[in-house]
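Below, chain A partners chain B and then partners chain C, in two separate complexes.
Let's look at the complex of A and B:
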């Protein structure tokens, strides 16, 4: 496994003026959010769209990643002439609080010149991430966002935004999202976390002091998670039972390898170079904690009471991680408060991953929805 | 009349009765269109009357088309999804040419008049003379352009006549504020004052209902 560290760069970032008090009660005095913007904020500051990234995403939503060199992670959806058209809208995307691409997280020092937080970083919630984003939006001088858009964990943030700051946004687009993390989802996350914790190189989170990273554990965590992002059909179509010869491992039992094994291993090994294990523990935990209804007396509708926000919910037919039933439950809760909801289930066999791929119906739906909202708002 | 032309071009299966329906809706009204297809009526109501019009549609391809067109439409089922809306959420709830295809027409009507002050319902009239004549003469289920599929594969599982519908409204305590019969093309026919004649010669019935004084 190639573990040479990726080059370090300085990410564009902003230090929050007043620190941030978290749901757990801890106040972080020194909070920095790394972010990127695309397009131009108009004179009335009314064309801003916030994009929220998923578990292992980051702020480089619409440009080649400066560290990994990989293409923009949502390049098909966000960019000039795209459904989220940066010729028309001012797009902001920030690395989540707890992340490892320039925002304050477990790898950040506790204080100026001190050692990193590591596993002592306070437990975060999705709402904490949203509060940090809100502070960033305020600092950028934006009174109200035109829209907040995100998929998967990004969709959870969109829902939290809609529940916490309804007056601060005109439209919400949670894609392949859920109002709570299911027991099955928590279970898969836990397998990944246990793999990290069991890695001898983890050193109780102080792996950097030992000059190593828990690469095997983090790699296995990524492999497990990646299976949940795909559908059986997608795996069968891509790999079937194909055997890949010339495998690195010798011996009779593992002499030949299935193509799907090599693929997963590649997913795991390319991931560990760019992602911090403690961040992974912290963010997966934040997702597990998420339960919007529980925060509102057990009623999801209550979370959206009186909302004037327009919603577009999108789910994918073969997504079993954030299944359509989850989006439908959100749609029904929004119906209960007579909110303006559009809801499409897109037929796709690509599983949860579909939200990141070029799905024509996703592009059409988002483009049409935003155009309709812009027309209603008189946004030229 | 370019607006009329536009509605006809985009409307599902020549549902030009949409225009008659739009004529019953006040400007600025909050409207839910159940079985809205590609959203022709809600777009028409939004653009010409400034209505806050939304749609519910079971067919995903139609929903995607509507949303891609910027219309607030959600995928859902009249039989199961209306229960999730609060009382009085809309001024008007529309069910155009869908009543005969739902699982529980009476329950759907009740829900419509719970979540809306008024309901507009249109349906193909099974009492039309040509259907009666075919049944009488051939002894088999009638086949017409409207009732064009064999009994074993038709989605129209609850056909009714205009008289049947008047009777249901009376039984449920709904006030019929307006009604009319229309031909297949959606043009209003002159049988407005004679329900029996309308039931014989109207190819479609169109009703504007209001919740009765006593809530059920």
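Let's look at the complex of A and C:
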């Protein structure tokens, strides 16, 4: 497994003026958010779209990643002439609080010159991430966002935005999202966390002091998660029972044999070089805590009471991690408060991952919805 | 985690007279099968039922486990007056080849007085397990089994029996079974294996030489598998988002908080005391290799050509690991060769685990099917 550290770069970032008080009660004094913007903010500052990334995403939504060299993670959806058209809109994407791509997180120093937080980093919520984004939007002088859009954990952030700052956004697009993390979701995350904690190179979160990373544990966590991102059909089509190497019954008791195994191992090992294990613990935990209804007296509708935001909800038929039923429940809650909601279930066999892939129906839905909203708002 | 070794007992076992040549070409000279029998073999030796156990099961199908103290693993289905009625049938259940409950497996010595096989134990197939069972049945003087029955990997063995020794069985009951392991099935197994391999206490399979067991890796493997055994509904009903201990946002970045996490950790830790890690690698691998159609020129029907065996196939509606579609494909293949097939999909929200739980429809189906077969055969 290649564990050569990736080169470091300086991220474009903003330091929040007043720190940030978290849901857990702790105040972080030194908070930085790394972010990227694309396109031009218009004179009335009314064409800004905030893109919220998923668990292992980052701010490089529409350009080649400067460190990993990977293509833009949402290149098909965000860019010039794309559904989220950077010729038309001013697009902002920030690395989430708790992340490891330039924003304050477990790898950041507790204070100027001090040691990193590590596992002592305070537990975060999705709402904390949103609060930090709100501070960034304020700092950029944007009174109201045209839209907030995101998939998976990004969709959770969109929902939290809509509940916390309804007057700060015209439109919301939660994709493959959920208003709470289910017991099964939590269980899969917990398996990944236990694998990280079980890695002797984890050193109770102080792995950097030992010059190592818990690569095997983090790799297993990533592999587990990756299975949940794909549908059974997608896995079967991609790999089936194809043998990758070695005779089916030769060789040792274990070792790569099926193509799906090599693929998963590659997913695991390419991930560990770019992602911080403590960030993974921190962010998965924030997702587990997410339960928007519970925060509003058990009523999801209550979370959206009085909203004027226009919603486009998107789910994928083969997504078993954040299934259509979750989006439907959100649509129902929004209907209860007479919100303006469109809901589309896209027929796809690609599983949860579909939101990141080239899905023409997703592009069409988002493009059409944003165009309609822009017209209503008089954005040219 | 309590890792005190469980007390050892002597298992009732049989040594195969002629060893066993495996699919991989290796011949095991010293093969022992640990087994249990219940009820009485009738004078014509025609009332024997072989029960095949699942991945982590054992021979104690109808009695309290002498080591773990756990109740009979199929107590509701096998016993006096039960659907598999030990007052009427002679029931045999053996620990699979490759297992760790008395049968020859990776923990067994290579030869009398030699060191254990460990990871050098030859790769097994489901068919190898069945060959060993066949030798046991021969040794017990049984010409033809009345029925072979099993769930999950036990169901795979039933299918292999039906394909390999059709003349040796009157009836077959594969429950929650599949004729091949899917890419997703393989992927989940691989995550578990990687977790075991990543455990520093694994010592490349020679953990016993070091006086340790790879408890954390095996625990993670068990946790992952356990999620796949349950439906989302079952997990939600059992745990939902209930908090087990500590304030939701207090304390450290990680640690038990949700009830589902404590439950999984308990599942993992209670498992590692009773199950050998190398056996887990060996048996999961055998399941991955299973592909009955591939062994018959790509045609599942071909595997059952000319069969006179009567089949009862049972699946569970919420089983997403071995879903109904898998049983339906087996039923279709059996129909193609004009076999005698009954197929029932039981509506249950308990997931794959349903085959082990108290499911009245399962009990009724098995009882009715066996009674019909017994009548046909003139068994009183």
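Some points to look at:
Here is the rule we go by: the second predicted complex is superposed on the first by the 372 of 380 C-alpha atoms of A that agree within 3 Å, B and C clash if a C-alpha of one lies under 4 Å from a C-alpha of the other, contacts with A are read in each partner's own complex, and residues count from 1 in each chain.
What we mean here is this: contacts are C-beta pairs under 8 Å (C-beta built on N, C-alpha and C of every residue); 3 or more make two chains touch, one makes a residue touch a chain.
Given the structure is predicted, the values throughout are model-derived calculations rather than measurements.
Of the two partners, chain B and chain C, it is C that touches more residues of chain A.
Contacts of A:331 after superposition: chain B is touched, whereas chain C is not reached. In the superposition on chain A, contact is made by A:361 with chain B only, not with chain C.
Once the two complexes are overlaid on the shared chain, A:347 sits against chain B while remaining clear of chain C. Look at A:291: by the touch rule set out above, it reaches chain C but stays clear of chain B.
With both structures placed on the common chain, the touch criterion links A:232 to chain C but leaves chain B unconnected.
Overlap of the chain B and chain C interfaces on chain A comprises no residues.
On the chain C side of its complex with chain A, the touching residues are 23-25, 106, 119-123, 125, 180-184, 186-188, 190-191, 193-195, 197-200, 205, 216-217, 219-220, 223-224, 227, 230, 232, 235-236, 238-241, 248-254, 257-258, 260-261, 264-265, 268, 278, 281-282, 285, 288-289, 291, 294, 320. Touching chain A in their complex are the following residues of chain B: 52, 54, 60, 63-64, 67-76, 81, 84-86, 89-90. Every residue of chain A that touches chain B in the complex is listed here, in rising order: 310, 312-313, 331-332, 335-338, 340-347, 361, 364-365, 367-369, 371-373, 375.
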